[in-house]
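Please find the structures below.
The two complexes that follow have chain A in common; it is paired with chain B in the first and with chain C in the second.
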Partner chain A sequence: MKKYDLIVGLEIHFEPRTNSKMFCRCSADFWEKEPNTQTCPVCLGMPGALPVLNGKAVELAIKVGLALNCQIAEYTKFDRKHYFYPDLPKGYQISQYDKPICYDGHLVIGPKTFRIQRIHMEEDVAKMIHENDYSLIDFNKSGVPLFELVTYPEFRNGQDAYDFARRLRHIIREVGVSKADMEKGQMRCEPNISVQEHGRYGYKDGKIWPIGDYKLNPKVEVKNIASISFIKKAIEYEYSRQVDILKNGGKLIQETRSWNNEKGITEHQRAKESAEDYRYLPDPDIPPLRISRELVAKIRSTLPILSDQRKKFYVEECGVRESTANAILEDIKFAKQFLKITENLKASSVNIAANLALGTLKEYINENPNVKLDTTLLKSVFLALTDALNTEQINFNTAREILKATLKNPKTNFEQLIKTSTQTSNSSELENLINKVIAENPKPVADYKSGKTAAIGAIIGKIMQKTKGKANARLVQELIVKILES
Partner chain B sequence: MGKNQKKQLSNNCHGKNEPIQGDFHFTPAEIRKIAEISMLNLTESELEEIPDKLTTVVKYADVLYKIDVKDVKPTCHATSIENVTAEDIVEPSLTQEEALKNAKASKNGYFKIKRVM
Partner chain C sequence: MLNFLTITEAHRGLIAKKFTVFELVQSCLDRIKVTDSYVNSFLTVRSLEELMPEIKHAQKRIDSGDYTRITGIPYSAKDLFCTEGIRTTASSKILEDFYPTYESTVTQRLKEAGAIMIGKTNLDEFAHGSSTETSAYKISRTPWDTKRNAGGSSGGSGSSVAAHQCIFSVGTSTAGSIQNPSSMCGITGLKGTYGRVSRYGVIAMGSSLDSPGPMCKTVEDTAIVLEIIAGYDKKDSTTSTRKIESYSNLNRDTLRGLRIGVPKSYIATEMQNGVKRNTLNAIEKLEELGAKIVEIDLLKPDYATAVYTILCRSEVSSNLSRYDGIRYGNQPNSENSTTIYEYIKKARSENGFGLEAKRRIMTGTFALSVGYSKKYYEQAQKVRTLIIEDFKKAFKKVDIMLSPTTPNTADLIGGALANPLYGELADIFACGIAVAGLPAITVPSGFVNGLPTGLQLFGPHFSEKLCLEVAKVYQDNTEWHRKIPQLGVNSAKRGIDKGQKFRSSGSLPNGKSLNSNPAGGDK
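And then the complex of A and B:
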């Protein structure tokens, strides 16, 4: 029985956040606008119109390229990609063929490195609606800036492709290049999927290459994947479909298929053009770009520290639990606020701040999504609270209460609250209290003595109740153990 | 030509196109594929005659390869203009009415065409 390997390359499109379109100054914000109200002779493809490149889009392309460890071309140009379809009024799309602006990048996810072949700039096409015997066209989206990222065909399973797309989306959002909302079509993911006989192909210049007289099976491009979570399903479905056809003696064709999520299958859309069919040629309307290294350096200096590096710092230098770090960094806006709030803290305080932020602060933001946080105030609050916690002046519960009070009312005198909430660390005072509680609660005491050490929690709880939460919990636990075991 | 200069030139343009071979001839299968990509429905009789006709046309264009371009520097653009960009500022668009003015048919603000899918 022949064994087939799955081979996947990804083409990912995303719309950069510009105000205007790629080659004209119509608004790029087409979402839910009246049809054909954001067009001009350029994006309608009228004769004689002259497209002019959007400079901001070029900067954003360089920015995302740097974030994805790409080389930035010194010389880059635009080409016409021809195809017949009414979503493209000019009869060609302005794209980049052999001189993309970014190339040779990579993305590291855990132990794996995925290589990025290129990222190029192009324009989006019109939106079409198909009804009965006619089709309707809205050109508002026509000419909206679009970046296309192409990976090497090195994904060997659906999970890796899914992980890559997810991580990529996070990074392009984090650097502010695109909102990458797949439901709004701001990010589209198209896997190119083929199956090849195990051991009968190799890689040459990043491409799949047949060994000996082996003939490569054609690849299938899958479109209409509306959510990142469908990528894995679509790839896995295609693998079984293609292998089934081959095992039954059938032949595969190079085609574009469409993901039907309701049925969980892909459906034939059209025969796929190959590069020659597009009749690429340099676009004489758009002068080429020479990108200075000064510009690249300037853009590099505006890149934020990416969450991967931040996570490393939080976990390795500050002792934050990995799950806590992930939870903070997952939410880009929250991660930014956390970074600002904790920028003055020493590494040893960041861990406490992380726990405080993830519980109380996150909860508050979730309940009050529209409130604007006063990060300057929170900076002093977190500094005071983490200091008081580090010196055991207050306990964690008290810190949470003070933070909550300050969030609710920014005029709260939190410094005063810390002073008055100072926890009881007086051993003899606590010992008296513990003896009293032990006498009043024979059951947990008996439980503890019979080996159920978790019962100590109930005793600590009672002490906290009696001290209104002001007892030093660590000390209380120590003292209870000492008393019960003496 | 110096090494650097060569590199610079190859940096600027597409790879070369090869002249087609003397015995080249379109097959009906190739014509069928070109027709599908071009969204044309060809009749059987058209499918029979088009390979010959199109082959003649393509061979005619091959005359360009006879020109000696040994001393001509390759280029992608006729001018030496570079780095022309516009500021990312939104300017007024056409109104919907203006945009649809030349359309043969429209519906609810959309261009209306014969169904394509």
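And then the complex of A and C:
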């Protein structure tokens, strides 16, 4: 048993996909724009300028809150968080303090549930560029909408934190709230990491508390994690660094550290000697919001079925293999297309459709990334193909060929093709053919008879060759077994 | 002498082609030239040359019949309204060279209606005060006695209207900053319900309290200006979407059937004898005009003053955070600073904020600090709710209430700086109204030793029309608003007795005295 436990909570910022900034009409798309060209008196913090809330951002916050099983506040307000820094033009950031829009959420990952404390809305600060002996400020980013999600200190290893962040990113992309590209800063993940002696602390109501005279070790916040895959590394590095210090009799301090991915280490940024006093003040410029349950219900009805629920449906009710379901759902765009194409299929047909889609359709999309899929057409194609496969009118191979042909040329008369490709299910005709093949191929026959049952594949292959793929494979196999074992 | 006209009179003259917009504007600019050294109303006066395009445009509108009642009317704006391309200082050194790139909604609406903004008026620095003595530039004086301050914070607006340097002005009230100088200068001023007039482009003092409004020569003019500047503004989320009434359509000629409340606790407050006498006279007059006077129990005004002080200071400390010398405003030499915090500190202290602004920042910062915000800020918010309830209860018994506008007449220069809570005392009758966000109007109610006093009428939320109606009936039956102050030497001794009725006598104030030195001096 290790002496020290790892305790991690996550603070994750992400930029919602709005056209304009949080409190003004400037464009929120600041990426690679000429510096200070997307500004106005409001986001420059000019005297007398007033913030006006972006309603779209509120809708997106509710949307992501619902997707993460949060409660949506009936009453929510904005507060001013004060501190001086050149990237903060008003001397305060408009954020949400004690009445966040979303609270008490959770995310289930496999057998584990991780609780989310809150999600709130705020505005981003400007971008600073430090040169040798001067600094530049670009206010294009100032006032860009930002959501901050805070988890409880629920994570006991780096893998869990990584899984959570990854899953979270998938969900916010899936519901269309954010592109969550970490390299563009659209998603930032900051773990709060501490190590505590095993058995000497308790965890209740989302709080770590000391048992007896035990004094809790301070937590370290790690910033500048530029990619989701670094989260685990950074946490694991911090664990060993902190444990090493304690083992060597050192003392930990509350600090902010920065992840240096090249060196694979964290570096001290600044100490947090005492809790900073942000002098929160309800923002008198923005009236508090009352969020009607009707609005919440309306937004809930626009939520897509999340991949977790869909996976459950595919695997448990449609009999899709888990790996197949994962492969389909991993790619949000493809998963959406698949959902559209299969929306009128019976549960029993979805499995076949999944195999067909993942093989042929995905291959086609990969080869032709710019082609716009005609999902309405594909919907009828998939319905016809899965019906034909269910009734054994055609075999899987034929279905693939017909799908390919339709993808290549949407004008293909796929119904006609299905009719003309009807497979041979005539037993006596097939029996004659099988007997002929057995006579011509003594080797696989001998192999089969000596116990190598896999050799039957070779015999089936020959039959398919002779029927140009039109034989009913299931029937052929049955007949071969019957003949060989009689 | 056109500058002595009211909006209504000037408008009539312009339409009847008795004079031109050019002549009207020029008479105001001339008046400023000869009188401003006495009253110190203006921080910026725009030149005739600069105004020419606006004058021509207004004249064209009048000639073509496409005008409003304020087209071509020259006005002044408190230097707290941001005006595009025109220096806006908030009377602070920290904004000495600040030229906004945007226009406040109030001045924008006036501009669209064709009014001509001829200058920006002095105020207490960032509106912190009730005397303009905290201004970094000058002290405005009441034209009734230039040894005395004009009140504040919209003091320059008050003196500019009272000294007939313009036809009307726009000011702002956080707690009495329109009423106080209007009373000290003997003019009519109105602050609307919080959210009735947009705050966009008004440099913020106490954001949950700030209410811009007109300062005019008559109630009639006040209604005309309010009708133009009031109403929903998509740039200010705290403005009300409620439709504005036609304020200028004031038809009431009697107060019969109207219940006017007199808060006992307000009348019991310590005040100058003359102020009390004038208030009681006004009450009698209102009764005479048909109103039923009802004594009302209201919370002592001291509670509202305490609540106001805490809320306002807290919001001030926050609102003034943006002045860091980085994007605009006072920029100290950065080479003398080793850290950014040192630089920000220098920008704010050295040649930045004045004493009163610093004092308010410090008190507000304290009131919002961890451990104290519960005791002060949060407690004040709770009491604020009680005050609102208290007024609501009272307005079930009466339609409107009254009080003196201020407990004293204009104070000698220097009086304000001696007392850090000067404004809170001077505006004791304005704090409750401010905290509850009620509309209030002040009209001249007489003189004490040659200095004007004011009668304040205030009603429930969005009762601007009623306030204007009652004030108009009172004003139609009194003469106080017609008196014109004499500027110049010994002006302190002049007052009601020697004041002249412009319309009856048609003569101008004593021009001879203009050559004498004014009392007091610039800071």
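Just so we're on the same page, the second predicted complex is superposed on the first by the 476 of 486 C-alpha atoms of A that agree within 3 Å, B and C clash if a C-alpha of one lies under 4 Å from a C-alpha of the other, contacts with A are read in each partner's own complex, and residues count from 1 in each chain.
Here is the rule we use: a residue touches a chain if its C-beta (ideal position, glycine included) is under 8 Å from a C-beta of that chain, and two chains touch if they have at least 3 such contacts.
Keep in mind that this is a model prediction, so the values were computed, not measured.
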Chain B versus chain C as contact partner of A:Gly45, first or second or both or neither: second
Partner chain in contact with A:Gly91 - chain B first, chain C second, else both or neither: second
Touched partner set for A:Asp277, first chain B, second chain C, both or neither: both
Superposition-derived comparison: chain B or chain C, residues of chain A touched: B
Partner chain(s) touched by A:Glu190 [first = chain B, second = chain C, both, neither]: neither
First (chain B), second (chain C), both or neither touched by A:Glu154: neither
Which of chain B and chain C A:Leu53 touches, first, second, both or neither: both
Contacts of A:Glu174 with chain B and chain C, given as first, second, both or neither: neither
Partner chain in contact with A:Arg80 - chain B first, chain C second, else both or neither: second
Residues of chain A at both interfaces, chain B in one complex, chain C in the other: 41, 44, 52-53, 84-86, 137, 277, 280-281, 284, 286-287
Contact set on chain C toward chain A in their complex: 80-82, 88, 90, 95, 98, 100-102, 104, 199-204, 206-208, 234-238, 314-315, 317-318, 320-324, 326-328, 340-341, 344, 365, 368-370, 373, 377
Residue numbers on chain A that touch chain C, as the complex places them: 41, 44-53, 80, 82, 84-86, 89-92, 137, 275, 277, 279-281, 284-287
For the chain B and chain A complex, residues of the former touching the latter: 11-15, 33-34, 36-39, 76-79, 81-91, 93-96, 99-100, 107-117
Footprint of chain B on chain A - complex, ascending: 18-20, 25-27, 34-41, 44, 52-58, 75, 77, 83-86, 97-99, 128-139, 270-271, 273, 277, 280-282, 284, 286-290
